[in-house]
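Some structures to go through are shown next.
In the two complexes below, chain A is the common chain; its partner is chain B in one and chain C in the other.
Now for the complex of A and B:
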């Protein structure tokens, strides 16, 4: 498709290559580090060729301060946050896109506005609130806090998908005696499958990668992997190779999801741009 | 299904004093209609006159602000769309894009719990009736406009509803396909015998399809009648101007006896009056003649349509059109005189626009 302009495509490829290198370098570096001994890590100048070891992985998986429980924590929090987000976001986005009610625009703006607040400003109120109800260091507490920002985000993302469905389609379904619920189930939801997939992925990844709320509102019982990586950084020494191995494990699901859902994600990112560019 | 069953299935429809308001604007000012079982009834009117609104009220998709809707003399004003046993073909077709043609057509049956074997049979039958039996496995996105339209039609007839509602179902098709489909639609409706309410702003479509036409103007029904009645005796000057292409010619004149005097020229009419008054005189382009004695006019333009021609004139303030099968031996810029056979005239009150 770019065959006619070899120069242009070459230049584009070069730019993309440089960009990719900048992005990928830390990951590669981390990957290499995770297979080094702690001594090789500190070697200066850095060594590119070394005898790889699996000790770090052995340590972070089976060792005294294994991060496996933390991976589990992350999974529980992220999954439940994602589940509840989608549970509420789908009907809410549908309502926002469809039903006529007073102050609809105002509520739409509110949803977006919550996305603009810097989360740091909220951390102390959240802490105090959770403390009051005994929600610190609990799965439900952290999940609840994740909902406060993932829900508006998910609603906002989903609304545009619902708005793409013509009103008459629903009316046709109503005349076909589907009723409101079955209309949603048989006619609406199948058409926003892509949107649901994208939103689910984004919400899950956001929760999985979250650090700040997890470190403050979590604790000994609920300690997601993003926080637990710091187990290997102590006052006396920093075990960089272990940190790297832990980071690689934590990144694994993210990368897998990324590879798996590449197409959906790209579509989700450009949803505004492609809106209406598809059918009809 | 037998013709008998179909006849039994079709409903009579009556609406009484239906008013529809959106906020402070009133879009229907008290509409009354009575539609016979099995009738092909067309709602005709210019854009924004309230046709779609009326149709949606029949479907139950739009609540009335006032008035009542009856089907088979049962008050259904408050019933949900699904409870009225009506099927509708939307202007946009509203096909479900994620389902195949077969699933689309079968959907109304699936929703009422019809066993899948029966659904399949009914889907095949309906698809065959509209000629898309070979397309059942495709999705709507893989169909042409005409095929989509048929699919929507099949989805509407599959359930054998008591009432069909169609909102400009042909408007997305090109001219040729529109003509063909119009004929098929007519045949299909006759075959099914179901009461049909059909919305269009295309008067030609209305004339060819309708048993009766209701003409809408500004949220009111101004005339109900057979196509012939509406064409030959329009009740108001608006209806007269709306129905027929090219549109009827109008000139102002003074009517007394059996003469209408236009710009000082007396023109003979069949109707006679003993109360002289100001009128609007309407003559259809087909009825206008170039003659030796009559209204002076200058030819502005001659359009040759192949099998006929349309001649445009300027006569004083007014612009007139004449339509004729044969090409007149005249040319643009010629000064001619125009008249019509007495009886071809339509006279309307100059103030109210009502037919006299």
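Now for the complex of A and C:
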């Protein structure tokens, strides 16, 4: 029994290693490709050792097909969507987590239901409405529709953080006759700083990665980087190295964010579902 | 406090006012940004609204819905939606759970594996679709073709052949989202009390029996949750398929979500597209309702 154990754990590690390499390898391969010349990309058998070049990055940063304007678009849309989301989500989540008010359960369920809406059902009315008021290809139009998926998500994630604070703290503050608003601002919010940071990060990440809304409601002026990547491949069909360099640049922020927030990712992904619908 | 009912009641009223002041702004935003547009979607689905033939626009009643009955592309998309959602969710849960069970037995390096699993999740689906279309699945130069050619299975047009294309988009989705099932189930398994296993081991229960009778019932709520969330994502999967195949070749990978999109924004028939979106909306709502009912009945 003891003699077989190291072998067993080695085999286990090997299987898990293969499984996980499948997740990492395509990304590593993309990273390598981004430093290749287009000739090295199409070499067969593929080359592992090659003279790395920065030409692809130079091209997607400074060249004719620069994605810098698109990174800027993504930054503006994602930041403004995140700002407005948090502005409305934090107070709403506090009420939902801590206070008594009429139809509270129904309203919580309503927030959850809006999170389930298929985006294609929203994009059609938004397109028609924004077209009428000249809101296509504007930052405000995109920001508005981004609220549809980020606000319900942020409310529910913040609820879970507000519920973690002990009741005693706000009771003590309230007994001291600090007003409710002051209690929220000076006592409660400092307690959920971490939760606010994590929620902000996830809202930003989801906005950054969004594609369908951006491709329909964006245009020549407002074109987030996800749309630019898509156009890249249609225009420059075979220039994989450039596509890879662009993709690496576009995904660098979210990869860094993911690594930074890795311990919170499970909570962020399952938000709402844990308690959803079954709340008392 | 507690000296009479009047201050208590006014305190409750004060709390209610405060709560509404905090909650109502977000509620109004949600109503305006989601519910009002959905009403407009429903109204649009009753219109004949074809941007390529704008002169024919007008009220159509249930005409768009009646049209679906005789639309083979609609039925095809419905079947594909079922196949795509069913296969990807089952694969994600089985692979994710197996990996989580395996990884749990490894004493060291779990942290590293967790980091690896996060990578696909944070990538934009459109970038994932592009990566697979070029570096992974392209004939001759893609990674998969390199493997199949090396082992003697030859080169295949992974995204150009209708059947292979469907398998490919299922593989892409499974690749990106299995880490989700893996991470959630790993976190759940790690919280299980070790003493139940000890008791079972003393009872000489085999590994399979232990899994079937102890582990599985304990993690069932987590599995149901993963299934619900994964179904929602699969039903409205878009960017990765759109980038990899565009719904093609022909309509081989055109799930209902893509059909509604293409009808609305490629063929510019927004009236019919809206009715297709309404069908998808009903399916999504019905499934989430059923799943939540099922879960509440269990717990």
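Odds and ends about this structure:
Everything that follows uses one rule, which is that the second predicted complex is superposed on the first by the 234 of 280 C-alpha atoms of A that agree within 3 Å, B and C clash if a C-alpha of one lies under 4 Å from a C-alpha of the other, contacts with A are read in each partner's own complex, and residues count from 1 in each chain.
Assume a contact is a pair of C-beta atoms (placed from the backbone, for glycine too) under 8 Å apart; a residue touches a chain by one contact, two chains touch by 3 or more.
Note that the structure is predicted; figures quoted are calculated from it, not measured.
In the superposition on chain A, contact is made by A:168 with chain B only, not with chain C. Of the two partner chains placed by the overlay, only chain B lies in contact with A:182; chain C stays clear of it. In the superposed model, A:190 makes contact with chain B only, not with chain C. Set against each other, chain B and chain C differ in how many residues of chain A they touch, and the higher count belongs to C.
Note for the complex: chain C touches chain A at residues 12, 14-16, 18-23, 25-27, 29-30, 33-35, 37-38, 40-41, 44, 95, 99, 102-103, 105-107, 109, 113-127, 130-136, 140-141, 143, 146, 175, 179-180, 183-184, 187, 225, 228-229, 232, 235-236, 238-239, 242-243, 257, 260-261, 264-265, 270, 273-274, 277-278, 280-281, 284-285, 288, 292, 295-296, 299. Within the complex, the chain A residues that touch chain C are 9, 12-13, 15-16, 19-27, 29-30, 33, 41-42, 44-46, 88-89, 91-92, 94-96, 99-102, 104, 107, 110-111, 113-114, 116-129, 144-145, 147-148, 151-152, 155, 180-181, 205, 208-212, 216, 226, 229-230, 232-233, 240, 243-244, 247, 250-251, 254-255, 257-259, 262, 265-266, 269-270, 273-274, 276-278.
If you check the complex, the residues on chain B that touch chain A are 59, 61, 80-82, 86-88, 90-92, 94, 96-98, 107-108, 111-112, 141, 155, 159. Chain A meets chain B in the complex at residues 166, 168-169, 171-179, 182, 186-187, 190-191, 279.
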